[in-house]
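Two complexes follow with chain A in common, the first pairing it with chain B and the second with chain C.
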Partner chain A sequence: MKGKRRTLSAWFSQAPVLLIIALIVVFPIGYTAYISLTNMNVYHWFDFQIIGLGNYLKALAVFDSGFLGALLITLLWTAVNMVLQLVIAFIMASLLNIQKLKARRVYKTVLMFPWAMPGYVSILLWKNGIFNSSFGLLNQWLEKLHLAPMRWLAGDVSAFIACLVVNLWLALPFMIMIMDGALQSVDKSYYENAILDGAGWFTRSVRLTIPAIRPIIAPAVVITLFTTFKQFDVIYLLTQQVGAKTGANIHTVLTYAYENAFVTNNYGYSSAISMIIFFFLIAFVTLSNLKRKEKKA
Partner chain B sequence: MKRIFALTLSALLLCTPFSACVKPAEEGGSAAQSVTLTIWHDKEDAVAAALQSELDKLQPEIRVVLEKKNGLTEALKMVGNDPKAAPDLYFFAHDKLGVYAEMGILTPITEFVDADTLAQFLPMTLSAATYKGELYQLPIYFETLLFMYNRANMREDQVPATTEQLYAYMEEVTGGGHYGFLEQHSNAYYSAGWIHGFGGELINADGVPQLNTEQTIRALEYHLRFARLMTGESEYATVNTLFKEGRAAATIGGPWLIPTVREAGIDLGLAPMPIVDETGLPLAPYSGVQGLHVLKVAAENPAKHEAIKAVLHQLCNTDIGVAMAAASGCAPAFAACYELDEVKNDEMVMMMHALAQSAVPMPNIPEMDVMWNVVGNMLVDINMRKVNVREAADKAQKQAENLIAAMK
Partner chain C sequence: MRKIWERIGLIFLNLFFIAACFIALVPILYAFSVSLNAEGSILGSDFSFIPRQLTLENYRAVIMDQPVLLWLGNTLILAVVSVFISLLISVPAAYSLSRFRFKGRKQVLRFLVLLHSFPAILSMFALYKLLSPLGLINSKLGLILIYIGTMAIFGVLNLKGYFDSVPVEIEEAAAIDGAGALQTVLRILLPLAKPALIVTALMVLIFVWNEYIYAITFLTGAQNYTLAAGLYSLQATEMRGSWPLFAAAAILVSLPILIIFFLTQKHMRSGLTAGGVKG
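Let's look at the complex of A and B:
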């Protein structure tokens, strides 16, 4: 009886948080799923009706060869971003944790700076200030070196690399902060023993640091994996913005879906595509988690 | 004690989200004597102030509150039929009215303003505001793209009367980071002028895309010659900065560009749009007509019907047109304004008035929403990715047809 009461009390204490999660996470997903089964569009905005799975059948048309290409780019984008973020963040965090490092707090503050700026502003600053072929910093350097200017955002490969750089600039502060916190949680006595055993920095990192921080950074990695996979603003604002397209033809699943569905003002149809991408994302993350668990086992 | 405190806090937190469900208090004031109308807009302060000042003349019987709304178009989609959340009127460009008319949130203006009064507006502005035979907007002013040149770089006798003269000038002076002429060549809004100059169009009145017609393809091929002599990037910031820095002798831009160009010290000249040699038609850019739209929820409210009528009538004269022209160089929609010296002496406004004869109102049909992106991609393919014009036009036509089909 006492145990039951304690359980009830615990649920009641958690209820506000659960309610907020339900309102801001579960409800939108549920409502999108509901809308995906209706004919809500410009012509049936307020008088929409349930039409079954019609929108899902229509949505399959979007999942054509163009979508497949976008999916491959998204997977490549996610993989390259994750690897670079983890490696760079680990190196930066390790450098920040060097003993007797002077002005550590200053470096940390500077490294957090990109995070403090609104993403939209950062992206457009990079686009116009760094990559612009007439005024950008990169081409000014090329000019000083008497080299021909380049259109950095026009080619598919160069635009992909440019997007990657901007995304790293935006995402690294979070990963560095997590890594930094994780590194500080590792017991220093382990390192003393390892050093006595003759282990160098690389061996200590691979054998000691990484296994120790893995459980701490795992949630951050999953969050970043989600964020990177469903990336929209970096690629869209740098290369695909209406009226400011640069000539590159790189699409993630979201920018592709936006151009081929969301602009139609057909909310039923767009919701069906959103739901399919949502399930795809869930499957992708579940699969990567399962593989990680398998490796662990 | 601690547990009771925690549980009480939890209960209070749980109740918080429901605090918004409280019935709002009745609006205060003497409703019988005074009616308050809300107008949403997204305009610059000078325009809003001119409108507010004109509508303040209706006080104390009618009080008009202008509310600047970011994301106005999306907000209207969400609350356009909700009497508690929707505004009574909104002030915006005409190109979205087809969407709202189909959604059923607009009331025709003819319910409040008679035909004789409406006949005093420029025909182009009325045609822009008409959707499926109904007039949904009271036009206040319009804007369209202008041919601008820098007098320091382009002499009066070099100002091109035809597109071939423009091309010859571009070939002569373009090089070394300087350009004879620049525009946002791969932006649908800017390129439409060239397509209209060949008798083509992006989409017809029935909502059928016209991207691979012979006229459009000819226009795209012709325009490509000019695009090759412009910058790689064709977005707003690059084109306008180059013009403001004196590195581009001429450009096609909106009236909104003029204050910053003058601030940059450019000796600005305005000229009529060049005529396409092949067709004898001028480049005919899109025009956007800004005006007031009445929400159905407000029109159906008997307490507000007469007030809305009074507001609209207050704007059917030269006062608001003259005030708008003075405030922000807007070209009035009320025809009689152009007989007044205040307006006649404004070179930019008069140039826009002259262009009103050939400018094409942006299509206001819902199908146009999908065209901007499709046409933008087509232009990028042609001007930047060197895709064959016909191939790009066919691909874009198919994509536009698919998207329009997906709208329903």
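Let's look at the complex of A and C:
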């Protein structure tokens, strides 16, 4: 009897939050799943019909439809970002931990600024201030060197690199902070033998430091992996704002789904893509949870 | 000899970090100096980071000529209501998930983690379809519902994680002393969980402050905009030369968030649980 009452009161205290999650999170997923099976688009806004798995087939089996290309770019984007972030953050954090560096605190505070700024503001400042072709800082510098100005965000490759730079700028402070914290938790006496053995910085890093900090940074790395894969703001705000496209045609899966829903109004197709992304992410989550459990066991 | 090399190395190290700091600040510095520059032509190639002639005209223009104060008001209403309701509904749920062992608890937790991976932006179309027949498009209530719902899973999981780290024995002792369940939570647990409450509230606040895509899609009419939507609409395009104005607005909008960030940096570490549910 008591157990039942307890269950009841537990559910009762969760009811409001679960209700709003059902409304704002679960309903959209369910509705998206339903629409993904239909041909809803501009021409069939009210009179759409169920067409089965056609949208999924179009996304996964027809390369020209663009989804597989966007998926490849997203994977490339995620991989390049993660590698660069981990390497640069590790080097920066290691340098910050050199004993004789007196101004460490000042540097650390200043380096946190990109993290502290509202993300979309920073991205817009990069777009309008640095990459703008008429008054952007980069082109002003080029002009000083008597070089022709560039349209940084117009070409696919240069736009990809621009997005990469901005994303690194945004994400590195968090990673540096995590690495710095992890490095400080490594026992210093650990190194003494290695130094006596004459191991250089590189050998020490690979043999000792990295294995020691790996479990500490793992959760943050997994979180960053997800945010990078799901990155929308950087690519959208830099190159694809509605009415202000820059000409570059790089799509990650998220901007691709967004464009198909809100620009070309292919709701059925866009919903199918949303569901595929969701399955991907669920697989990711399940996999990373399994790994964590394995380690605990 | 070794000392000299060490000193040279240290100089290079400092130069490296000064360069890194410059890169970290460059968009902000550029915007800041442009916003204060009195010389109309910033298009010349002789731009310098220190304005030769200072002016606050751009700031005056942003505040007086643009509905920025209206946007600030809208943002504050959305933020305060969202933070308040988020905490009000997340705390009891997190508490029962942390303290009670009931049927379905594990499933709820697993379900929340899976749902959390769905990118909010992909829900936009369905939410439009849901809210539009209810008359909640272009309304504050509609956006508040979206913001609360989007941050609810984070709130519950983050608070639950922190509650887990507070020993149950403290509450049991209070119960033996005759305190009721509600009293125990209000008087004992919540004060102990203050860092997590502050962080959860801040994350919701920052989320609402920075959210632009739902705001520009669901709100019409400049007087209804939030700061983020307004700033988005003020952008200088390649053609229009409103860049100094936009720079001033960007600095103004960022300032409160910068202050909050640096004031609460210490709390952030202890209030976000180790497992992490961000992203």
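Definition applied: the second predicted complex is superposed on the first by the 204 of 297 C-alpha atoms of A that agree within 3 Å, B and C clash if a C-alpha of one lies under 4 Å from a C-alpha of the other, contacts with A are read in each partner's own complex, and residues count from 1 in each chain.
Operating definition for what follows: contacts are C-beta pairs under 8 Å (C-beta built on N, C-alpha and C of every residue); 3 or more make two chains touch, one makes a residue touch a chain.
Note that the structure is a prediction, hence the values are computed from the model and not measured.
In the superposition on chain A, A:P16 makes contact with both chain B and chain C. Legend: residue contacts after superposition of the two complexes on their common chain; A:V121 is shown touching chain C, with no touch to chain B. In the superposed pair of complexes, A:A261 makes contact with chain B and with chain C alike.
When the shared chain is aligned, chain C comes close enough to touch A:V25, but chain B does not. In the superposed model, A:A244 makes contact with both chain B and chain C.
Applying the stated contact rule after C-alpha superposition, one finds that A:Y269 touches chain B and leaves chain C untouched.
For chain A, the partner with contacts to more residues, out of chain B and chain C, is C. In the superposition on chain A, A:F135 contacts both chain B and chain C.
In the superposed pair of complexes, A:L170 makes contact with neither chain B nor chain C. Judged by the touch definition given at the top, the superposed model places A:F113 against chain C, while chain B stays out of reach. For the contact definition in use here, the residues of chain A common to its chain B contact set and its chain C contact set are 9, 13, 16, 20, 23, 128, 132-135, 241, 244, 261. Chain B contributes residues 3, 6-7, 10-11, 13-14, 16-17, 77, 81, 99, 102-105, 177, 184, 186-189, 231-238, 241-242, 366, 369-370, 372-373, 376-377, 380, 384-385, 399, 402-404, 406-408 to its touches with chain A in the complex.
On chain A, the positions that touch chain B within their shared complex are 9, 12-13, 15-16, 19-20, 23, 41-43, 45-46, 58, 61, 128, 132-135, 151, 153-154, 241-247, 249, 259-261, 263-266, 269. Those residues of chain A that touch chain C in the shared complex are 3, 6-7, 9-11, 13-14, 16-18, 20-21, 23-29, 31-32, 35, 92, 95-96, 98, 100-101, 103, 107, 109-122, 124-130, 132-135, 137, 140, 143-144, 169, 173, 219-220, 222-224, 226-227, 230, 232, 236, 241, 244, 254, 257-258, 261-262, 267, 270-271, 274, 277-278, 281-282, 284-285, 289.
Touching chain A in their complex are the following residues of chain C: 6, 10, 13-14, 16-17, 20-21, 23-28, 30-31, 34, 42-43, 45, 47, 88-90, 92-93, 95-97, 100, 102-105, 108, 112-115, 117-119, 121-127, 129-130, 145-146, 148-150, 152-153, 155-156, 206, 209-210, 212-213, 217, 228, 231-232, 235-238, 241, 243, 246-247, 250, 253-254, 257-258, 261-262, 265, 274-276, 278-279.
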